[in-house]
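In structure tokens below, several structures.
One chain, chain A, links the two complexes that follow: it is found with chain B in the first and with chain C in the second.
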Partner chain A sequence: MSGAALDFSRQRSASADPLFRRILAAGAAAGGILLLVITGYLIAYSSPLWAIQSPISFLTTPAWITGIEQADGSVLEVYGAASVIFGTAATSLIAVIFAAPIGILGAVYLVEFAPRRLAAPLAFLVELIAAIPSVVFGLWAVGDLSNRLRDSIEWWIASSFGQIFPWLSEDPTAPASDSVFRAGFLLAIMILPMIVAVSREFLRSVPISLREGYIGMGATRWEAIRDVVIPTARVGLIGAVLLALGRALGETIAVTMVIGNAEGIPSSLFLPGQTIASKIANNIGETSGAIPLASMVALALSLFLLSFFISLAVRLTLRRFSQVRIVS
Partner chain B sequence: MMLDMVSEKSKRAKAAVPAEQHQGSPATTPADQGGVLALGGVEAFYGSFRAVNNVSLEVQPRAVTALIGPSGCGKSTLLRTINRMHETIPGATVKGSITLDGIDLYDADVDAVRVRRVIGMVFQKPNPFPTMSIYENVAAGLRLLGRTPKSEMDGVVESSLRRAALWDEVKEKLKQPGTSLSGGQQQRLCIARAIAVQPRVLLMDEPCSALDPVATLKIEELIRELAADYTIVIVTHNMQQASRVSDSTAFFSMDENRAGYLVEAGPTPMIFTSPKESLTESYVAGRFG
Partner chain C sequence: MSAPGVSLHEALLQPGAHDLRRARTDWIMQRIFQVAAFLAVLPLFALVFYVTLRALPWLSPALLTNNPLDQQPGILNAVVGSLQMTALAILVTGPIGIAGGVYLSEFAPRRVAAIGELVIDIMLGIPSIVAGIFAFLVLVPILGFSGWAGSAALGVLTLPIVMRTTQEVMRLVPPSIREASLALGVPVWRTTLLVTVRTALPGVLTGLVLATSRSLGETAPLLMTARGTNAENFLDFGTTMNAMPIVIYQYANAADERSIGQAWATALVLMVIALLLNVLVRWRTVNSRVA
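Take a look at the complex of A and B:
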């Protein structure tokens, strides 16, 4: 008995494969080209500044003086990014200090303790917070949160530790209307959903069999979380915090609205300051001339490099995570 | 020595505080000749679903008892009621009584966490803790009990690994992660980990189902050796395994409501050659399941 003739000749649909592959390759290449274009722009357009000031001096000088005419007729120009780099680092660190423990503990609660009917809606709510535009956060902070923080946490820290650490002091009769601390705290709220969501994924990826193995040898649930679940997910949790840190570094509009935009490194966290992003947002509208524009681009370049190294760290950390073999 | 599984709080209330059972005793043989396990009318539920119906069973001390039966007959669930792991699943409950050397493990005063220190468990898939070294995996149970001097801990780790027939293979690499071992070695590591805290009973939930035949044979030899010191209850899908390793066999099946029940139990040769029930006979003959 013979069946129909076999036919293995190439079908037309197969010829779509190379085309599809080219479209995908073009998409991937676009990403790389874009990165090169932006890097090239940042380097090229910041170069006029390097003619009058070295990059080292730019990064280490706190003063920022745009063209003041001196008595002798010369113009004084100093472009120093140190104070805005300080502001960026301080706000981001404050954000991480508050958001990392709360976010990770929140994720532990969602994964380990929340009743199943509660866990999914709670996780969804947290993710909704991430969808709130930052200008809305900024407005809320200006109108409400900022004053509450001043009268609660900020006041408490200043009155408890201000005597010992001047950088935590505050004039009790006239607290500043804006502060680095409040910007950092607002950032903490803004990055919290990201830390919860990413940590939750990594905690959930820890196999039940590991928890059961430990509980089965006489551990309490808390001990299983402390000794097995968190250590197994550890690298992922670090990745979650670094990812959120990257977001905090670049956040612009909300920070600009509450940080006070004052020049110089503030003597206390409870005084106004500014970050790289908020300075660019504030000054770009009134900047003209090659060197002042170059100074803005130089600020952008430093923020770009800072974020770049943070995301590089994220990639390297998460790569290590995937190498940790998990038995499921 | 008295079994001590009563929760700390109620112990204080009674003002009679026996010494912590395991602390400071380096040997890995059981502290005494106990290990008599008795199940009376045990029923296990997932929510309202009854997975195990009215099981009564006397388990021989320091012998191997195999629980066999078709998939879904509740044998794993029953095993997990013995060390009170069943109740860690949300909505899961247990009725009936399970006693170990006369103490009801489900008594209101009994702390489930302390029950699990006396009744160790080995799981279906080897589950060494990936962030812990081979040494730390074995030491994990003792660390939970409190501080143990380094020299003593070294002794327990070595004797447990020797007992689990793994020492010669890992003594040069105790600091490497437990997950770096092969599947069969990982399972023997999990057995070493379980016996390091000197349990009286070892529960094994299909311990060889993820292993190749050679590794399976090694685990089976080990189970035979461990039976000299521990009461072992093993769930297995593999009837040859049950006949090779066990002294007694309990055969389970499912009733019309899908609840598992005990068909019959007895010495393994009897169950495999001249069972009382025809259902057992057709199962061990491979006619269903």
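Take a look at the complex of A and C:
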């Protein structure tokens, strides 16, 4: 009978379902396995370092000395990540200080005030910034932006506050050719689109009726934003900034190109420095021997853990907004 | 309370000094928001303008047909290297990422899906230099500095992008479409592939394009894996391979005009490719929930 034949074909194809699911599950598992393997490799390859130095001393020592032979014949080796951790923290914080207010205010404009015809193209242009490769940002900074910053914002801050705060001072006759501040400012530009895009999503998710209710009671639009929209979207805005912070921490090549790659903790933000990522990028090429390599991997492991905790924090912050999702 | 000749009703409608101040604050705040929004797009124009300005004198047909050390400066091997390493990374991680994304949105039990999402979040946050050092540790000792290692580093970065976008767009497919197909007796695998994935296909392709764009622009992981070369490297994955970002980075601080010119020209080519890819997919999605 044709019915039986039909049945048979259906059963045969239905029996492909478990296999199909397993193939798909294998794809998902690949992601998890890859993450575990990466973690495993970082831990395993950094372990030779822990034999000569504890993780605590690694994280708190500012000096980084790779095998200098002493007078008595012993070899001095110190691997301290404190100065690069300082560089990473300083550049990321500078980035967030500049990018968060402008990004969030800009997102408020796009959602609350911009006419429809303007809002879409503006949002689109801001997101395009995110598409530009970081090495192109780096080149732009080396060729143009860095000098402009030195002669404008950096000069202004140094001449206004440099006398009061030594960490904001700069020699006006010979400003450094690279600086931590300029790297941080470049990062601000690079993370701006992410802050705008994510904040915009959350601001848009605030129900219109809340604004209407408040404005209907006589509030101005600004008052509605201040008292209703921003408090409602607050958690999302914090998440947006955290996400951008995570991005700034790991950014490598653009920072490497403008930060100057100087050892030690700089006495001023307007002097060259180094970040975790830029140190790896700079030194991995000349690294030989188990312990120097382990020290590089230990840096990578710290960066990995840092971004791991930021991702976790973002996830916990944004958990309640399951309907708003963010890619890249 | 009210002035003579003015009813209470009218007096209440008169704007007082307090109201005028509020209106003024409102106006000022609107301008501040507006300025912030324009400041946010300013860098795009400044960067595109400046890169174009510096690159224009070096643009010539020879740029795309010559290698770095040829008589005429060129970046052929870098363009080829970038494209083939990215292509390999996407060819491998694309199907895996799509499969994983489909599984997480369609079949995974709640808890597995939650863990999967967390894993993707963490992987999206992995700094590119960490992906690079991973490929450096795993593959460089076996295969040396090579295109293989470069592709592997890129793959670590593209996999979560593809998986996340796939998962997100699959979620947007209305359940009724799946149910209609299943009710007709179509087996699950055919329903998934021919109905659900097909409906979500534009979004899945968006994910692939975004991953491609990200991968073409990565520098740090390639510096420590593919290393760069001045020789031709067409399909020669076994040895060092050049890439556009490597050329930009290595020539950015060069002493001679020619090398610096090559860096800017390469930056323009790379930037145009990245912008085009993103214009292609983002214009449609920027105002929808899935980006």
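Heads up, the rule we're going with is that the second predicted complex is superposed on the first by the 300 of 328 C-alpha atoms of A that agree within 3 Å, B and C clash if a C-alpha of one lies under 4 Å from a C-alpha of the other, contacts with A are read in each partner's own complex, and residues count from 1 in each chain.
Here is the rule we use: a residue touches a chain if its C-beta (ideal position, glycine included) is under 8 Å from a C-beta of that chain, and two chains touch if they have at least 3 such contacts.
Because the structure is a prediction, the values reported are computed rather than measured.
Chemist: Please work out whether A:277 is in contact with chain B alone, chain C alone, both, or neither, and reply first, second, both or neither.
Modeler: The second partner, chain C, only.
Chemist: Using the touch definition from the top, say if A:232 reaches chain B (first), chain C (second), both or neither.
Modeler: First partner only.
Chemist: Looking at A:23 after the superposition, I want to know if it touches chain B, chain C, both of them or none. Which is it: first, second, both, neither?
Modeler: A:23: touches chain C, not chain B.
Chemist: Once the shared chain is lined up, is A:209 touching chain B (first), chain C (second), both, or neither of them?
Modeler: First partner only, chain B.
Chemist: Of chain B and chain C, which one touches more of chain A's residues?
Modeler: C
Chemist: If you stack the two complexes on chain A, which partner ends up touching A:220: first (chain B), second (chain C), both, or neither?
Modeler: In the superposition, A:220 touches chain B and chain C alike.
Chemist: Once chain A of both complexes is superposed, is A:262 in touch with chain B (first), chain C (second), both, or neither?
Modeler: Touch partners of A:262: none, neither chain B nor chain C.
Chemist: State whether A:102 touches chain B only (first), chain C only (second), both chains, or neither.
Modeler: second
Chemist: Which residues would you name on chain A as touching chain B in one complex and chain C in the other?
Modeler: 220-221, 223, 324-328
Chemist: Of all residues in chain A, which touch chain C in the complex?
Modeler: Residues of chain A touching chain C: 10, 13-14, 16-17, 20-21, 23-32, 34-35, 38, 41-42, 45, 101-103, 105-106, 108-110, 112-114, 120, 122-129, 131-140, 142-145, 189, 192-193, 196-197, 201, 220-223, 225, 246, 249-253, 256-257, 277, 280-281, 284-285, 296-297, 300, 303-304, 307-308, 310-312, 314-315, 323-328.
Chemist: Which chain C residues qualify as touching chain A in the complex?
Modeler: Contact set of chain C toward chain A: 22-23, 25-26, 29-30, 32-34, 36-37, 39-41, 43-44, 46-47, 50-51, 54, 95-104, 106-108, 112, 115-116, 118-131, 133-134, 136-138, 156, 159-161, 163-165, 168, 185, 187-190, 192, 207, 210, 213-214, 216-220, 223-224, 245, 248-249, 252-253, 263-264, 267, 270-271, 274-275, 277-279, 282-283, 286-287, 289-291.
Chemist: If you look only at chain B, which of its residues touch chain A in the complex?
Modeler: 83, 85, 88, 90, 113-114, 116-117, 120-121, 123, 125-132, 140-141, 144-145, 177, 179, 186, 190, 193-194, 197
Chemist: So in the complex, which bits of chain A are touching chain B?
Modeler: Within the complex, chain A touches chain B at residues 115-116, 207, 209-210, 212-221, 223, 227-228, 231-232, 234, 324-328.
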